[in-house]
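Note that the chains are named A, B and C in the order they appear, and that numbering of residues resets to 1 at the start of each chain.
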């Protein structure tokens, strides 16, 4: 068996990050919200002025950066998962309906997808958050309601392929109801594609939330969203670049591991396709 | 008109392809010669290595293939040691090749005229005008009407037969001395097949080029070949003048092939057609002795050792332990 | 070919119409737009006046009709915050954003085409793996983080590029890199896949059999056929770049549409936001239309039917 390095490395990293997020209360040395104004912008331990008391230093309000980093993982992972679930549900339903029934339903769904693709996502998300008010759940809902397009497209073509298979016509002639066929015959066979797209969309959602929070229209302070942390540290960039580098690298690492795992899954679930 | 000048001289050509399951000995120690004005047909079933042989002569083997030879000369020049640049200079220029599938052998994005003239301009440093004139000349020679208009057309606008004619014209643009044709008529309709073969024969007569024609169809061989080389499992098992091969085939495989052809008048309707039982052996790994022995009704103990190549007075050669010319009823 | 264009045009118009409806509806997300404009703590009298001025008391269909009608005639409305015509506002900023998007696309293509071709020619070798690794890493980097890193390196540490403003071409170097790099991996993969498929085609073997030089085989024969899907993707990516410029423009203080959009959102300047959303969507629709037509044109089988 050819070694699927992408899958191993990606999943290992991802599991590590998930582990940190789940066990955040036990792993973080401090409460991420507690301010310590006497210890502002202390550099990480590898700098001259740093110490092991705060291994990754503190931010401009004296909050321990390591703790904020670990709790920030929770936010990113929560966003990724929730948005993937919501948009996945919407997109998969639309895609499967379009792929299974074809005809007018297909035309309608394709039209919806084209329309959705024409709209600038960031702009619409920003405007919506500005109007409704920024919070973790608003961000999740907005992104979930906007990012279903790739699910719809891929699930549609996957469903079309499966629909042409014999076991579907066999079930149809056996008199099974459409819903039953979709759930028991079609869904299990399009599941691999669904999982791969879900990982990619989760990564994309995490990046979008980071961008929204960076612009101030996403998650609100004092939540330790990594994007928000970068935004808050902007003005301190010149003297304390690590305030930006640490959450930025964490974001990059998380996305990297998700993409890698997604690539690995893709290789695993669709054998014989080498990129 | 066959002359005595040897255009292509190949001795001991071997091609190995490395695959995950082992080394594939696709072509094993074959030797052949083609003279100016002569048509050599390499005939054999699918997988016998004839296409690989033709590709190796043009230096178009895949990266995973390794070619070795004792002699590999084109008009006296050693091709085995020639540089990549030199081979490229010869290709399309003095040695040309046409392929089996005319539908996919032409680039759909460029016009016929462009594809006809590009290598002529490259090899001969000709101007666009000169190249166009030459292209029109050759298109007419291969029997394409309104040649000048055709130059501006795209491949998808031509039929299969027309495209193959264009391929032939393209191969002849620089006036090559050797033409290798890999199953040129196989993908075409039966009526077009005859036309294309006739065209090739006429062109050869007129231009005096040496031609190597690969085919699996003995009918084609009968129509066009001066000499025949029969290939089986990567080896040439019999070789000689076409008339001799058909009149008195020596190797059991050749005899089997010929008996498979129904002959109007002789073969009774409803009668049995000849077949050769068994399948071609695997080409991976060590191969000793005759590769046909498992399917041959005349197989003996000796067949498991190295098989010598016999030669009779007419110049016919065959690779078999049986060297009597008058063994009847063989190969069934 | 003409029939194809007409059909695609019809579809484009339909999509544009739907988007305009959605852009218009954006206003109503907060519930009562009059309240949102008047601000919290406004008196009922003020809210009512706002409602009357902006016509919020009329049925939604009528409001939408008026709005759309005016836009088609060229009257893009009045900006609440900037107190000038929206049309004028957008017109002055459009050039900057277009330049940024084009430069970014150019950058993405400049790095992705050679890498994609190399990866395809040396398929499965270390070169190929390196290119893919670069692609994966590139896609993991959030663009605002990358932008800040670039600023740190080029402006602060090495002092060779300016941080903000949009006067000279040098001002566009970092923003283009920061915006364009994210699109590069997609192009690279596409070119690689396309080239791999094309390089195994029969007509490539024919080209080699004719003794053509390698660069001719790769660029004239192979790339020409592999590039077709890239054109389609380029148009789509241009649309995304236009929309995604908002973050980059804000960081580099480029006075373009993106930054204008950001300001209008923060200031609750609805007329501007709506028009920008509509404009970007229409541009995207036109771009995909153009790319579909270009695709069809590039394939002689469709062009010369």
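Rule of thumb we're sticking to: a residue touches a chain if its C-beta (ideal position, glycine included) is under 8 Å from a C-beta of that chain, and two chains touch if they have at least 3 such contacts.
Quantities reported herein were computed from a predicted structural model and do not represent experimental measurements.
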Far-end chain from chain C, centres as C-alpha averages: B
Most central chain, Cα average position: C
Chain A-chain C separation of Cα centroids, rounded to whole Å: 22
Rounded Å distance, chain B centre to chain C centre (Cα mean): 54
Between chain B and chain A, distance of the C-alpha-averaged centres to the nearest whole Å: 58
Chain C partner contacts - residues on chain A that touch it in the complex: 111, 114-115, 117-124, 126-128, 130-132, 207, 210-211, 214-217, 227, 230, 234, 237-238, 241, 244-245, 248, 251-253, 255-256, 259-260, 263, 275
Contact footprint of chain B on chain C as seen in their complex: 201-203, 205-213, 216, 220-221, 224-225, 298-301, 304
Footprint of chain A on chain C - complex, ascending: 11, 14-16, 18-19, 22-23, 26, 29-30, 36, 132, 136-137, 139-145, 148-149, 151-152, 156, 189, 192-193, 239, 242-244, 246-247, 250, 261-262, 265-266, 268, 273, 276-277, 280-281, 284-285, 288
In the complex, chain B residues that touch chain C: 58, 60, 88-93, 96-97, 99, 101, 104-110, 118-119, 122-123, 154, 156-157, 167, 170
